Amino acid sequence: MSDRIDVAILAATGSVGQRFVQLLAGHPWFRIAELVASDRSAGKRYAEAVNWRISAAPPEEVRDLVVKHIEEPINSPIVFSALPGGVAGPIEEALAAEGKKVFTNARDHRMDPDVPLLIPEVNPDHARAIERQRQLRGWREGFIVANPNCSTIHLVLALKPIHDAFGIERGIVTTLQASSGAGYPGVPSLDLIDNVIPYIGGEEEKIEAESRKILGRWIDGTFEDAPIVLSAHCNRVPVRDGHLETVSLDLHRSATPAEVIDVLRAFRALPQELELPSAPRHPVIVLEEPDRPQPVLDRDAERGMASVVGRVRPCSVFDIRFVVLGHNTIRGAAGASVLNAELFYREGLL
Amino acid sequence: MSDRIDVAILAATGSVGQRFVQLLAGHPWFRIAELVASDRSAGKRYAEAVNWRISAAPPEEVRDLVVKHIEEPINSPIVFSALPGGVAGPIEEALAAEGKKVFTNARDHRMDPDVPLLIPEVNPDHARAIERQRQLRGWREGFIVANPNCSTIHLVLALKPIHDAFGIERGIVTTLQASSGAGYPGVPSLDLIDNVIPYIGGEEEKIEAESRKILGRWIDGTFEDAPIVLSAHCNRVPVRDGHLETVSLDLHRSATPAEVIDVLRAFRALPQELELPSAPRHPVIVLEEPDRPQPVLDRDAERGMASVVGRVRPCSVFDIRFVVLGHNTIRGAAGASVLNAELFYREGLL
Amino acid sequence: MSDRIDVAILAATGSVGQRFVQLLAGHPWFRIAELVASDRSAGKRYAEAVNWRISAAPPEEVRDLVVKHIEEPINSPIVFSALPGGVAGPIEEALAAEGKKVFTNARDHRMDPDVPLLIPEVNPDHARAIERQRQLRGWREGFIVANPNCSTIHLVLALKPIHDAFGIERGIVTTLQASSGAGYPGVPSLDLIDNVIPYIGGEEEKIEAESRKILGRWIDGTFEDAPIVLSAHCNRVPVRDGHLETVSLDLHRSATPAEVIDVLRAFRALPQELELPSAPRHPVIVLEEPDRPQPVLDRDAERGMASVVGRVRPCSVFDIRFVVLGHNTIRGAAGASVLNAELFYREGLL
Amino acid sequence: MSDRIDVAILAATGSVGQRFVQLLAGHPWFRIAELVASDRSAGKRYAEAVNWRISAAPPEEVRDLVVKHIEEPINSPIVFSALPGGVAGPIEEALAAEGKKVFTNARDHRMDPDVPLLIPEVNPDHARAIERQRQLRGWREGFIVANPNCSTIHLVLALKPIHDAFGIERGIVTTLQASSGAGYPGVPSLDLIDNVIPYIGGEEEKIEAESRKILGRWIDGTFEDAPIVLSAHCNRVPVRDGHLETVSLDLHRSATPAEVIDVLRAFRALPQELELPSAPRHPVIVLEEPDRPQPVLDRDAERGMASVVGRVRPCSVFDIRFVVLGHNTIRGAAGASVLNAELFYREGLL
């Protein structure tokens, strides 16, 4: 693994940052060279700076890395950003201008007209937008590639094969989202013991808009939204990890549950073909037990990189309804950007 | 309170039975005279037989009542039934045949073509079906009146004023239901710690069918369903009490959120007019804070007898969307039947 | 209620502050005249400033009170302080110097050699220390009276009658403390979903030291600690309200469980005799069911003002062991100071 | 792995049975040949019979095994028993009489005067009791070896090195036990949402008695208890897996926290020396962060086979106090019996 490419992780001590560390430790192509965080952590050993919440302790190989301050220069050519929305935007632009390849989980650039909002199984061709991005912004080597919101990504992984086969016109989605989606400290325990919060600021708009962009086309140097209308209701529930979503779809061409299950199960795409290291063998798993998927049982399917669908059945109002579940900080965040970077590596774009 | 009418409670030691006891203790018109339960409890004092889960101890006035066996004769003219579905049907029929007025929370007779599925604020005229019921079944004094499923009732309380004002054509609903809805012992803790179960057997069908019956008409001796199509996704979440539901509605005549809020807030009906003892002053409460209603804060609104609506906003797919929450074992079960009985009392039907 | 005494509540928007508001709204002797909070809240109506977490909405009578800034002058002669430890100290002293009667829940002055750490059922004579306090500090009218830590108070209520009857030499205590004890936002949900935190900073020391002071004597102008040695292990568990403690006691004179239960049940003290408005009829309730007390069932006993003991049984190592439970933000915090103020009122010390 | 020894698992579909399956699938020395369960499951494929609760699905190699009925003959020479207490006793005896080597997690024979209650790191010499057991019971090849209760085992792993170094005289223990310790369905969710149950039937007695037997001696054909007196308080908390225990110890020879940490960290025993496949490298891990161990972070230490100690500090009443945590269904149940069997295999006793 001597010629692995150095990578930096921004906001490496946070909830998503920890997942980046976990997923990139021991990665065959990338080597964690720099961990970047805020004032409070900078200058400390990572093991001291981080309040590691994933398991007993951070991976051996990063424990002694000294955390850099966000204002220190970054040397690695690749940057993974777990910066919070609002803060991320200008920092990521400055890094791209310096020539860094930025793979970000932040919301700030997701809807930019020249930034790919990428899911390698769904819209790998959107990666071509970086040429236009460089042209427009005057960047020579750097770029910004974003991954979608944690609820959007699992929804879209399930929608893609259905859309290709039957055409989706409209959909109504309700999410039951895990606490880790709000980071740490995030949601107070008094808000989630014996309770549900029926609101997550900005989340419904993200799901509705991001899905259209991802399922749309990159054509003539511009993104053309897919003509799909979605309506989302977002809720926070007392679960650590794993977002669950109920979905009702109005299709262009009606389909039986068996047909939908078939296309979901048959779904394979570029990451599977290229055998990218983080790619799930099956991007979408379909369960037929009546009470699945469940967060505690299914969120770790394919090391947290798959979306798990269940309860595929006819909808009394639309054509079809089902439930989809996925790990929100792995495939829903850090794992999404790692897979994006793997696609770029394998396609020679790094 | 010397001339209160004696009532019996069937399955009085269970989860819903305990709520009947709580709500009827000290009732101005009814007096708990008989508590009926299964083999294990019969013959014991109620305080010994019950594993009381509502508060520290059952109300003083029932502690020393000796629990009757379900096969012993019942003397009270009014019977409240918290019997489990499947078991309830024949027992309730036998009691009605004997002349008892049976108010039941069980599902068994809810969809019978001659049994009112009653919410006093919504379809009080359905009460007239008991004449036909007696005629058809050859009963002279007895009857069966059912209350809807715990999720249906709060949904329909919110739908009624909207339907009257704007006409509902279709709706998609996702429920986040509390553990107490499954009774005790009910859902194992291993299924609800850090988890959600996206399935409740039979619940989706109940919501879809019961709503149409309740919002429909009693006409020419038969129930005519309302022409509303609903699709429900039901989930169990780690909450003690309080079912929360997300709702998207396609209306006949489109409406703004402000108009919907107005009709919900203006909603008053017969129980409010008659000032029935258990009637909430406002059957539907509307909150405007973005993150409400929440189970832990709002389930006890109007002593658990109101439905609490929030997040009324336009739906990107249909016309309107919102969240509704209500206490599932008070207004959603025992309180519903108590209010039904109060309506019958006040209307001189007992 | 026209001649109620005006009171101010400091940190009125926080977790304990909300309980003060709840308990003092409609109080027969005191009237909430001033609500004081920090920058963010000052100048707003209380209903807008507070994120009310106790029930659906704050009491009618305080909703329109405009929140004062902590630096504005306070007019009420009585001040209840829910200020956080560390901040409370100098503010409370300044107010007492101005002549205010300060009843505080903060830890800052609890162990001061001239401040009564008061539980009206346990050490009402400690109230006399305020004379010495005024003398030492040069205060004419004002004073500071503290209530103990939320775990200490329920422990000591159970220890007091046992100590009086049998003499306690040593005790080992493990607490299972509720989330609300840490305030709001307090403990992150990611720390309490499917988890326990076996540490609460400073809590073990407080329990050990405060108990000795409270059970000790005020003699010759000084507090003399009770010769009792305690060892505490403190844990945070996923419970909203209600601290539960397991207790093993080494007694001077050995006692059977029946004898211990007898002295606990017979326990009545000054607040009961004086019929103070917030006094529980029974300061200590003893349950004999093997699996009680439980937070969800027993924390509201006597409106949250009682301590509930269960599982009284011989200890294999010491003499006796049992479990004690109590509401941590009612009797364990705000209710404790309200009862202290009621004692002072009734004794003519206000 | 062609010459692995066939093993049968009794009660293979239950909570502990599933852990046996998980731990024995792919085991280098043992091969799961028979899965045995009750009426309801017998005759079905294991994948259909089991409600697998550990992860998404049972291991590949057992999915198609047809579950045997408990009354069918067993062919494997080794039997792992996850039978419930009360039921296990006579079945296990009958199997041992037939010549089976029975490793049981059930409580029934644990305190028998000729049955080793074995923790390979603590009392491997107790294994010799099986000679006497055969002699007394007239068994030629078979035997019964028990593992301790799930709370006892983690406690004793921490006590052993301390006892060897300093001598333990007395100890007071409070447990915070996970839901999975009660099996499935086990504890109702209504008992654990926002709640704690301060009682687990029989558990306190087991901890107190089993610890003395395990830390005692096998001498002259009889078990001699260690002269240690323990007092336990047992509680059930809303945690899936991982029992946490607070411990205060009175030592023969007093010790500083640093000395205690040293002996815990230095602790290695026969399983480590023999490099048994399931042995943790460190039977006891000591953490020094003030708020550890925590169930969600530390229960999987050394694949769930280690005990994790933290907060080692002086006890104000006794000499030393600390917290110990361990996985209750791995090292606390199935993993314990697997390690026992590995010891017997390696010592040539199978």
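Details
We call the chains A, B, C and D, going by the order they appear; numbering starts again at 1 in every chain.
In the analysis below, a residue touches a chain if its C-beta (ideal position, glycine included) is under 8 Å from a C-beta of that chain, and two chains touch if they have at least 3 such contacts.
Quick caveat, the model's predicted, so the values are computed rather than measured.
A count of contacting C-beta pairs for B-C and for B-D identifies B-D as the more extensively joined pair. The chain with its CA mean position farthest from that of chain B is D. Centroids built from CA atoms put chain C at 40 Å from chain B. Rounded to whole angstrom units, the spacing between the C-alpha centres of chain B and chain D is 47. Chain contacts: chain C has residues 53, 191, 193-194, 238-240, 296-297 touching two or more partner chains.
Across the interface of their complex, chain B is touched by residues 15, 53, 179-180, 184-194, 238-240 of chain D.
By the touch criterion given at the top, residues 170-172, 174, 176, 191, 193-199, 201, 208, 229-231, 233, 235, 237-240, 244, 246, 248, 290-297, 310-311, 315-318, 321, 323, 325 of chain B touch chain A in their complex. Within the complex, the chain C residues that touch chain B are 52-53, 55-56, 193-194, 240, 296-298, 300-301.
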